[in-house]
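The following pair of complexes shares a single chain, chain A, combined with chain B in the former and chain C in the latter.
Let's look at the complex of A and B:
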């Protein structure tokens, strides 16, 4: 799941280099409210999980997102 | 559970009106750089909107649509026994705009006219009530008007809302029709999320003050006054993608239908990104899901009937089964399966 997720996230956020689990995604230059909606939508479609906003607010790294998906699949 | 079933009643006439003036979202908003505007507009899919002039109220758009319908020769105006006016942009705080519209349209004083204060779910809630009242033995026709000048509610400087909303009105006639089968409505409310979409000042909880009219950077990152509407886009998105698919599935189940039984799914025209997500999540055939938001924007409660008039006009000549779903401010959510059989449809009126 993880490699696939990283690749898809890279594409989704239109990043030039592949995102890494330790990245603090909020510090990406491309991170904004539209990117947030794209991410929530993508995770819902791909994994059938709608990450609640409160939960998402606690996440800082790409790994946090991966962990949430794993724990809620 | 607010589930309603109706038989032998349906939409017999449809008219819509929009302002003539076209607002191009890519080029006409001076508050954003062309790059910023493009990023937002590409995502929302709202390329153009119609914006009412400062002297044009929602009721003026409604009048343009309703008067065409009443003068079409298809309906006896004096048989309009009920007038339901759905709006959150009324002429006055009182009296209700629908009552003034009774007089303006020369409808009889024996007509029951009133307003419903709902936004994006308002067509579904209004239609359910119209069907209920039209089934009464003494009632001949019910006119359901949805009218909004939503562009006046939001700041064009606000990133979340400054590109979304357009102005429009529709006037639908609801009548008995023994050829029509069952309609099923399911209506839900979630007032706990009332602050997700709100115009905070100007009511009696937070009366207007000089300060409430000042557009400023807000704690939520938006740029608007307290008189203007704000939207928690992320919260609304989460609500919609979790609750709307459930509402659609529940309504189909209550109607004893599968999605294959539905000819067209007409959703509230919120924004392209969210609506496309709904289509994929519900695994709907995109051909069955008409859009008008690219031309008219999010017109709140008008968006479903406006889509029916502008996108389905020539497709409703044969009997069809529609599923409609409206969702938004409240938060409020309603879905319905409605059969429709060759209603009288007027071409879009531009004023």
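Let's look at the complex of A and C:
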């Protein structure tokens, strides 16, 4: 799941290089409300998991998102 | 005094009657005097709707996939053989989502248009065959949304389908006026239903408060939309066709 997720996230956020688990995603240059919406919608569509905003607020790294999906699948 | 909003003696077909606005519309129409024919996907939930209706024995229930047009056609024929001509159709079945452009696949677009637009148009075509031809005529309602009129980030696909219903209803109103069939849309703002409660914006307090703040009169109840349906189905609306009734707590007033 992880490699696939990283590739899909890279495309979703229109990053030039592949995102890494340790990346602090809020520090991405193009992180904005649309990127947030895209990520939340993508996780909902792909994994059937809606991440509540307050839970999302606690996440800092890409790994945090992966862990949340794993723990809630 | 005669009540112009009464649905006494009318038979109304309601889709999406297993939950939310469709369910409440079915219940409210029965309380306004109508016999209702309920269509929905889930037999158990349809029976729950029926249980909330006065004199359940009067009404009919069909668990059906509205995209299965042959089955829907047969079902409608069967219903009419039992209850006679139909006076109203409320197309309340529909789905919603929040998706940015980059996640709008052709398959997703197709699924939304088939579910929200095609099924309602095909059912309307079948309904017309069985619509009452008396002086009061018949009334068709499409449940649209304020998202068919204004925008919100991530609502493109939902807006496309809901706007299509508003646009289509106007031409249909002209086409069917000679048959004395009125065609209108209702555009609700956010109504508290299972569908809106599962939306992304309902998952946390901050997002929900933002949505609430966009509705000066607060979020809607299914009854608010059901009452608008009763008006458009009743003889009180005999001169109303081709219009879009906005029921949104002030969402689009700004």
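By our rule, the second predicted complex is superposed on the first by the 73 of 73 C-alpha atoms of A that agree within 3 Å, B and C clash if a C-alpha of one lies under 4 Å from a C-alpha of the other, contacts with A are read in each partner's own complex, and residues count from 1 in each chain.
The criterion applied here is as follows: a residue touches a chain if its C-beta (ideal position, glycine included) is under 8 Å from a C-beta of that chain, and two chains touch if they have at least 3 such contacts.
All of these numbers come straight from a predicted model, not from anything done at the bench.
**Student:** One more residue to check, A:12. First (chain B), second (chain C), both or neither?
**Tutor:** It touches chain C, and chain B stays clear.
**Student:** After the superposition on A, what does A:34 contact: first (chain B), second (chain C), both or neither?
**Tutor:** both
**Student:** Touch check for A:47: first (chain B), second (chain C), both, or neither?
**Tutor:** In the superposed model, A:47 contacts neither chain B nor chain C.
**Student:** If you tally the residues of chain A touched by each partner, is the higher count for chain B or for chain C?
**Tutor:** Of chain B and chain C, the partner in contact with more residues of chain A is C.
**Student:** Overlap of the chain B and chain C footprints on chain A, residue-wise?
**Tutor:** 33-34, 37, 40-41, 44-45, 50, 52-53
**Student:** What residues on chain C touch chain A, complex-wise?
**Tutor:** On the chain C side, the touching residues are 97-100, 102-103, 153-154, 198, 200, 203-207.
**Student:** Quick one: which bits of chain A touch chain C in the complex? Just the residue numbers, please.
**Tutor:** So the residues of chain A touching chain C come out as 12, 33-34, 37-38, 40-42, 44-45, 50-54.
**Student:** Touching chain A in the complex: which residues of chain B?
**Tutor:** 39-40, 43, 159-160, 221, 233-235, 237-238, 241-242, 273-274, 277, 280-281
**Student:** What part of chain A is in contact with chain B in the complex they form?
**Tutor:** 33-34, 36-37, 40-41, 44-45, 50, 52-53
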